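Given below, in the form of structure tokens, are the structures.
Consider the two complexes below, in which subunit A is the common component and subunit B and subunit C are the respective partners.
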Partner chain A sequence: MSTEVTEATQTGTEYINHHLTHWTVGEGFWSYNLDSLIVSAVLGVVGIFLFWLAARKATSGVPGKWQCFVEMCVEFVDGQVKDVFHGDRKFIAPLALTIFVWVFLMNAMDLLPLDLVSTIARFAVGEHAAHHVYFRAVPTADLNTTFGLSLTVLLLVLFFSFKAKGVGGFGHEMITAPFGASPALWLPNLAINIIELCAKPFSLAMRLFGNMYAGELVFMLIALLGATWTGLTLGSGLSMFGQILMGSIWAIFHILIIALQAFIFMVLTVVYIAMAHEHH
Partner chain B sequence: MEYIAQVQAYTAIALGLIIGLGAIGACIGIAIMGSKFLESAARQPELMPALQGRMFLLAGLIDAAFLIGVALAMFLAFSNPLIAKLG
Partner chain C sequence: MNLNATMIGQGIAFAILIWFSVKFIWPELTNAIEERQKKIAEGLSAADKSQQSLVEAKAQATGIIKEARDKAANIVEQANRRSNEMVDEAKNTARAEGQRLISDAQQEVSLEKGRLRDQLRAEVGTLAIAGAARVLGREIDAKAHADLIEQLAVEIERG
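Coming up: the complex of A and B.
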């Protein structure tokens, strides 16, 4: 968050563009953003490991601090699911917990210092090679990650629609639902239903991406304040102070956004799946 | 050069409109929701915990469209694909 741009020759736009470039492998359509893939996979494993740790050592006696925290998370998510979804929660509640913890951990990478990776790269491979190191630490500020998550939710919604209503029931609803069962209305009904189905994952992914991307960019703009450092002068001191102050304020505000967006992603997933269970 | 300046000028106006209008909408939305929340909390204080969770959920939903706009505006400000088209 509050680190400096050390290359004096680098302009602000170059600095930001460098930080917005993914570590990519492959060409065109088949290019993979390795940074998003690695960070999200590692965070998934870390999340599972931390919760497994609490489950392994769980006692019915006096619980430790970590077990208390995990129990609070589980009960909070279960309560939220219970409010929205009426039925068997054996699959939905763990799904919601997984989404919440994973998205929260991925969003939380926004709070890492912006130049942490480039500083490590500078020490590891030297000043010149570090210019070619691209790494974006926030997987949810990558459209591919958020659309991956939301398309999985779409598949689950389709699966539960078929499971709850059967192929015939779901097909019947697709062509008769909003307007009525008259054959002249089948086409408009179908069009509206398809648009509705596509809008769900789109809004889910764009909301998470937009929030995280904007947050990341504001951190970069704040980091640029310190780039005007020219030595021990009043102006440099003021912009340095401004950077630390603004960075702290934005980081504290961002903690709220991080938790809120993970929560919203979780609740909307449960709402969509609950809607798939409803009969018209 | 002339064309680039023109694209930049239009982009700057677009950025102002995206962020400004988005902020107006989000602020009015949050203000209406917040006032209603305080009103209902004053009427029935026992409902406050239930309402609070929902208020935060809706705050995120209202904020989202604005923040997506900000992200798009920032994208246009720092790597404008329209200027790249000019070559």
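Coming up: the complex of A and C.
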């Protein structure tokens, strides 16, 4: 974790702000965070390619080590889905696997050295131009990514609701559950259901984003410890030691968070779809 | 921290990844896993079955061995009995043969004896007659030899 702030003029606030700015093109809503898009796409392609390698050569005989690992993932996810969702898992289980693997990989970018990209940029385009290079390597610490995921999940929830109950049945449920079928209760029912429906993707997105964003921020704050380096003094030595110690502790703890958040996102998605599948 | 169109892009990427794994990854892997499970189940049941048939074969083999042993004992016993019988038979035959030989010999001996006696009697008669003739020829003394000749004649008569 390179922590040297090369420009004496850069303060801690500037350092953090720089690290929290996306590489963005476009104007207003129609702008794109290229860093999130590129990193998530690369991770998605790499992850799915690695799994595809195992799937392509999947043998029912003695499996290779990689196939074994992939099968372990598959069986783990399948088991989780089986516990929650009682029905045909042909779609839900691979959906859950995709979420788990992809979100895990994106979260894992948090463990990359914080200044890796900026150091590369400094070597690639020079000290001054690097100042204008913005790149956030953790796609899940971008609200757009998490909302992109959770809104897709919302669409799937709606799709499965329609599929399981029909459009009429779904509409009927929207205005009669949970309080009752009396016409006076239609409005409260509808309000509750809409809130519930919106709360699902919102909580999904915010939970993942919050965890990853906070994790990233803590890495930055820890990195700032080392940024106080002023030469071989006792204070500099202590803060450097503090940074290494805390950075290590936080990184190790973060491994848990990375896996846990991917797991939670997966399980909640399955739960939401299972709920959509069931009649009230 | 503004929301923008990145969301849409991520959603689309997500959808593509889901589609790909639903279509190309999950079925292959679960097929392989299920097939392997089936294979393992078959292997285990085959092992069970072979274990069972091994037990059966062992029992069968024990039965066959026992049967064979019984048969062998039977055969030995039979052979013993047969050999005893044969020895007895041979003994009987030999005894009968011996008896027959003895009786044959005896018969022959008695026959020979009779024959010899007859011959001897004839010869003695002849000799007696010749002797008598010679005695008679030299000195015919009917008075002196009459009782001798008489005696000879009686002896020859008697044989």
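Points worth noting:
Just so it is clear, the second predicted complex is superposed on the first by the 275 of 280 C-alpha atoms of A that agree within 3 Å, B and C clash if a C-alpha of one lies under 4 Å from a C-alpha of the other, contacts with A are read in each partner's own complex, and residues count from 1 in each chain.
Rule of thumb we're sticking to: a contact is a pair of C-beta atoms (placed from the backbone, for glycine too) under 8 Å apart; a residue touches a chain by one contact, two chains touch by 3 or more.
Predicted, not measured: the structure shown is a model, and the values here were computed from it.
When the shared chain is aligned, subunit B comes close enough to touch A:Gly210, but subunit C does not. Looking at the shared chain after the overlay, A:Gln261 reaches subunit B, while subunit C stays out of its contact range.
In the superposition on chain A, A:Ser60 makes contact with subunit C only, while subunit B stays out of contact range. Of the two partner chains, neither subunit B nor subunit C is touched by A:Glu196.
Once chain A of one complex is fitted onto chain A of the other, the partner contacts of A:Phe147 are limited to subunit C, with no touch recorded for subunit B. With both complexes superposed, C is the one of subunit B and subunit C in contact with more subunit A residues. Shared-chain residue A:Glu14: touches no atom of subunit B or subunit C. Shared interface residues of subunit A (contacting subunit B in one complex, subunit C in the other): none.
Those residues of subunit A lying in contact with subunit B across their complex are 13, 16-17, 20, 80, 206-207, 209-211, 213-214, 217, 260-261, 263-264, 267. Touching subunit C in their complex are the following residues of subunit A: 24, 26, 28-33, 36-37, 40-41, 44, 48, 51-52, 54-56, 58-61, 63, 67, 70-71, 74-75, 78, 90-91, 93-95, 97-98, 102, 139, 142-145, 147-149, 151-152.
Residues of subunit C touching subunit A in their complex: 1, 3-11, 13-18, 20-22, 24-33, 35-36, 38-39. Remark: subunit B residues 53, 56-57, 59-61, 63-64, 67-72, 74-75, 78-79 touch subunit A in the complex.
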